[in-house]
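First chain A sits with chain B, and in the next complex the same chain sits with chain C.
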Partner chain A sequence: MNIIIALAVGFSSGALYALIGVGLTLMSVLTRVINFSLVAVGVFGAYLSIRTSPLIAGASLDVQTVITVVVAVLVAALISGILGWIEATWLSEATTTARSAVTVASLLMLISLSFILFGSQPQPLRPLLIGPAFLIGDVAVTKVGVAMLVAALVVGILTWIVVNRTPLGIRLRAVSDRQTAAELLGVNVKGLQVGVWMVVGGVMGLCASIIGNTAAADATSMITLVIPGTAAALVGAFKNIPLTIVGGLVVGALQGALTAFPSTTQLRDWIPILVIVLFLLWNQRKEVWDVAR
Partner chain B sequence: MSLKVTDVVVRRGVGPVISGVSLEVHQGSITTIVGPNGAGKTSLLESLSGIIPIASGGLEIDGQEISTLSRRQRSLLGLKHVEQGRMIFPSLTVRENLTLTARSKADFDEAMSLFPELEKRIDSPTVLLSGGEQQMVVLARTFAARPRYIMIDEMSLGLAPVVFLRLVPVIQGIAQSGVGVLLVEQFAHLALRAATDALVVTSGKVSYHGPAQELLADEALLRNAYLGQ
Partner chain C sequence: MSLASRSRATRRPWLPLAIALGAVVLGAIFGFGMPAYVVFVSTSVLVAMVSLMGLGIVTGTAGMIALCQLSFGSIGAWILEFLYLKTPLPNVFGPLSFLLFMVIAGVITAALGLVIGLPALRLRGVNLAVITLGVAAAVDTTVQQIGFPDQSFAHIPRPFGLSSDPTGDRGYFLFAVIITVTIALGIYALQKSRIGAAWKSVAFSERGTASAGTSVRTAKLSAFALSAFVGGIAGCLIVGQITQVNYLTFTPINSLGLYVLSIVVGSQLIDMALFGGILFVVIPEILKQFRVPLEWSSVAFGILGIQALTSNSNLGTSVRAALFRRRRLMEASRADAAGDHAAVESVAEAPIPAGTGRPLLVVEHLTVEFGAVKALTDVSLVVEEGTILGLIGPNGAGKSTFVDAIGGFLPQHTGTAVLDGEPLAGLPPHRRARAGLRRTFQQDRVPPSMSVGAYLRFVTGGRADPAAISDALTFFGCPDAYTPLSVVDVGTRRLVEVAANLASRPKLLLLDEPAAGLSHDEHLAFADRLRRAPEHFGTTILIIEHDLDLVRSVCSQITVLNFGEILASGDRASVLNDPKVVSAYMGETEML
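Take a look at the complex of A and B:
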């Protein structure tokens, strides 16, 4: 199998990892946290939005779909905002490690809550984007995959514009550079951080609404997509958005390549872990060198 | 109208680093705090701006108790703190630093005019500036915010003597426009010359509190105060 085909096979997953990786990178740069509960809030938004169906049953299908997605985005943004508020209120001085550890706790809490609320079966989300966008050879590239890549690019570009070209961006960078100094100048650090949590949470709500009905997507397997997302973000060192997007696509392609042979298909879930370990070792290299000197 | 500190105690790590300090900075006046390394000067300013909490005592701005307010709330009341050691925003350019704080173009231009050296670096990220230029940026962005009370911890740090000399009348001008100024300086003479009031802090306690001129005029008094006698 050649590289193009591997890319095509892994593209949909890879684009999704890229989007999640971009969200993780944004939050890491702007709010000093590696947010492991990122995808979970999106899944909650999407699954809870289904509960609106009895209320809007009278409307046309398109309207129902739009309302459901909007509700998913808002609910995800709200849950994310609450988590962000907790971090900004009680852990504002804490290290990135401590702040991230709290998101692991909220991840575990959201996973068990999702079992209680939604069980272990995929939920009947409305289909948003179905079928292939185009074919490469005889491999179909799905619309969902294309949408995820476009979303990752759009989020990346919009972020770049906001951060580098607007007064809001000056504030965000000041907080990211030196939080205390920003507070002393009257910058609303808490408001900005909660805002970032809400926006990224909302994007994840949209993302979960789109992917939620594509595969055998139950809550837990969607929530744990944060692991390959982390692998993608690590490729960009949690700083570089273009590299993160490339990282996501590469992880997807590697997985795609493995599915070519029945004997290696089982290994595909290990690819993200492998990438994570490799990058952590790669980063250690310098420190080991420094210590050795 | 004043910034008032009453019997403040600040604990840090093992024990109190400020024990029972009182002072009052009126709008339009300059107070200079001097004292040896480790005396607690920085800790005192940090407790005023809310970086660290006070253990007991009172802090007021114009009669309003502020010790329970957040850093931001204190800042919005007009209390601005220039921290010791050039706390720059590395990625922000000079222009962005001032945009962050200036509420009008006039405030921006006025702050900028105090530091003509920065003009040619206006679109450079602060991290690429020299130490002295960075200190100018930190001061300029705070001046541009039009503080009502300003606390400056070791303004002289990294600045060429001629720049520091030029800033002394600037600070006096800011005070004359109705701002309360609290300066902390290691090397006291110039800062004392600009000031109306002076405090000497040693080991967390005030060992002299009175007119700055008196302290300046009496070398022995200054030396004894430093030694905590």
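Take a look at the complex of A and C:
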């Protein structure tokens, strides 16, 4: 297997990492939080949605699919919204570290609940898109992979338009930069924050429904996909969406490239760390202090 | 200082040792008196407690997020097993092997911890969280694939020939108690030491830490490495307890659970780490009795964690704060009315200090640019040894930028600064502090997690003995050394900051608006103390201040900055009467 094909192998996961990274970056920019629970809420939505299948068994297959996806998106948005509400209510002026620590606690809760509710066995979480989009040599680039990349780009572009070109974007930036000042100007800070959490959560629910069990067999392994996602987001320093997408694809490509060398499979799991480490070394070559003055 | 106001630690230095000895005796009675099952579970409590104590250094004391404590455990366990099964060393060291291997495993784990922590050097807590979460997952899958050296058939012998049956369990419990108590004593001593103070300081402010002459990098890395060391030891203790481990013993989710629990209880406090260990082990044990899925305990920890984070408190510090309030109330009711130490003695006003005539700090052509904005343009000034120089100017004139540049926080400036013949160029802030250049901050940079005395010991770097510390506190009318900084108001905290920096007897002290937040009377008292300070502490002072009354009453020399350039510089009277200064600084009509 040559390198180009190996890169194609890594494309699907890379695109997924890119989308997760974009979600993380979005939340970091708009709500000052590194959301470690980001993927978990999506996975929860998707896994809970397949519990509805006995209730809607009579409907046609298309209707069933639509209902399942809608439930997944709504559940994910709801869980994410609750987290956002907690952050906006009690930690509005807290540091990024404290706000992110809350998402670590909720990650712990969601992983444990996923053990309890879904077990550690693989579940029949059917992906929305099945099969290859096109072939590179003998390697199929999956529809899921293409969909993830498109989703990452769409989310990125939409975010740019909303943030830079609409009155809503001005408010969002105000809330993120100077929450108290925005509040004094009559901006509905809490509503906006919870809104961002719900929208990003919903996107993650949709994303989990689309990829189904193609990326990971069980709920917990799927939740840990947030790790390569953070690697992607770090490449964009949790600020820059285009760089984040590149970062995700690079992590995926490196992992794919390693599959060409079967003796190095153990390294595969260390790729995200490697990217994180190299990036941090580069990013912090200059001395940076905790506060501006 | 009265006897009652001395800290408990100085009154009873033997107390920690006595408690440790008591704990070992209690452990022996417990281990050989309780049912076998209870003893076995209690060993697990100790292991969890050791993990939590290690974590407490990073999360509690140094304020970072670390999510791979059990990965360190698994690395430590792996190394111990490797040394036992793949090397001839056990034949060489016999019954001592376990203890020795445990230390080796801890040291190697600490080295790996350094490698992980190094790239996140400027670790804002969140970067460390990202890295450690990644490490947790990667170590987990790697260990799943390569397995432990015991390969699920060999058993690792216990230390000192203890058997692997319930009798051996009892002996091993005592062994675990001794190890745990030793680690607890070590951590307690470190927390009381200068390095422990550095951890607390860095959790509150990196700039404040560097300005006290402590390297931020060293503080953070030492905390993380020590935490990894203790994590590795905990892993070895698990091996000794169950004699055979696999990847399930060290799952990443339990690392998350330990982190959250560490926040909930405040596991930098030894007793709270024990309490956390009990929660971590006993709650799942209870759930097991009722046949409820064990994961519910993690759900509970998650909820408790969110509660602790949203209320910004943990059990340990809340309990201690309540105890302190009670103690203070009792002491206050006992104290008689005569003990008002804050009163300023009514001696004659000290004169404005005259210098020795020798230039101490020579700054030439200092220019600082932030992009297109020139914050300072070609600033040159000389501070004479033994004087107080006032640096004044309107808001945005570049006064604080000047202090930042001289203090080493703006390395990209041009121009030179020479302190007492020694060029400062290229030195990071903590090295400048050690070279005798100290500064205070406009913002509150005094870590509330310390006591006044501990803060002074930290800032002075151990150079000031208790008498000197007490002298500096009395000199500025600060609260007693045992008072926690968390109960001191912000204005007084700045005084404590000034007192601490003077007590470290630097050559030059840069004060950035030290009197903000003081009342008018306190202002007057502060001015008088400041005038005495150069002689009392042997320190030259540069003071930035908006209050012209204060500047007029303490400074012999004044430099005025406006729009980043020197408007006037010279002796007090001529500068303050300079028409340029009057118009630029005070407005056209204001008379000085």
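Brief remarks follow.
As a convention for this text, the second predicted complex is superposed on the first by the 278 of 293 C-alpha atoms of A that agree within 3 Å, B and C clash if a C-alpha of one lies under 4 Å from a C-alpha of the other, contacts with A are read in each partner's own complex, and residues count from 1 in each chain.
The working rule: a residue touches a chain if its C-beta (ideal position, glycine included) is under 8 Å from a C-beta of that chain, and two chains touch if they have at least 3 such contacts.
Quick caveat: nothing in here was measured; it's all calculated off a predicted structure.
Between chain B and chain C, C contacts the larger number of chain A residues. Within the superposed three-chain model, A:184 lies in touch with chain B and out of touch with chain C [touch as defined at top]. In the superposed model, A:153 makes contact with neither chain B nor chain C. By the touch criterion defined above, A:90 reaches chain C but does not reach chain B. When the shared chain is aligned, chain B comes close enough to touch A:171, but chain C does not.
In the superposed model, A:98 makes contact with chain C only, not with chain B.
Residue contacts after overlaying the shared chain place A:266 against chain C, while chain B stays out of touching range. Of the two partner chains, chain C is the only one that A:115 touches; chain B does not reach it. Every residue of chain B that touches chain A in the complex is listed here, in rising order: 49-51, 70-72, 75-76, 80-81, 83, 87-92, 96, 99-101, 141-142, 145. Across the complex, chain B is touched by residues 167, 170-171, 173-174, 176-178, 180-189 of chain A. For chain A in complex with chain C, the residues that touch the partner chain are 34, 36, 86, 89-91, 94-98, 100-102, 104-109, 111-113, 115-116, 220, 224, 227, 230-231, 234, 265-266, 269-270, 272-273, 276-278, 280-281, 284, 287-291, 293.
For chain C in complex with chain A, the touching residues are 63-65, 67, 119-122, 124-127, 129-131, 133-135, 137-138, 141-142, 145-146, 205-207, 252-253, 256-257, 259-260, 263, 293, 295-299, 301-303, 305-306, 309-312, 400, 404, 409, 411, 428, 442-443.
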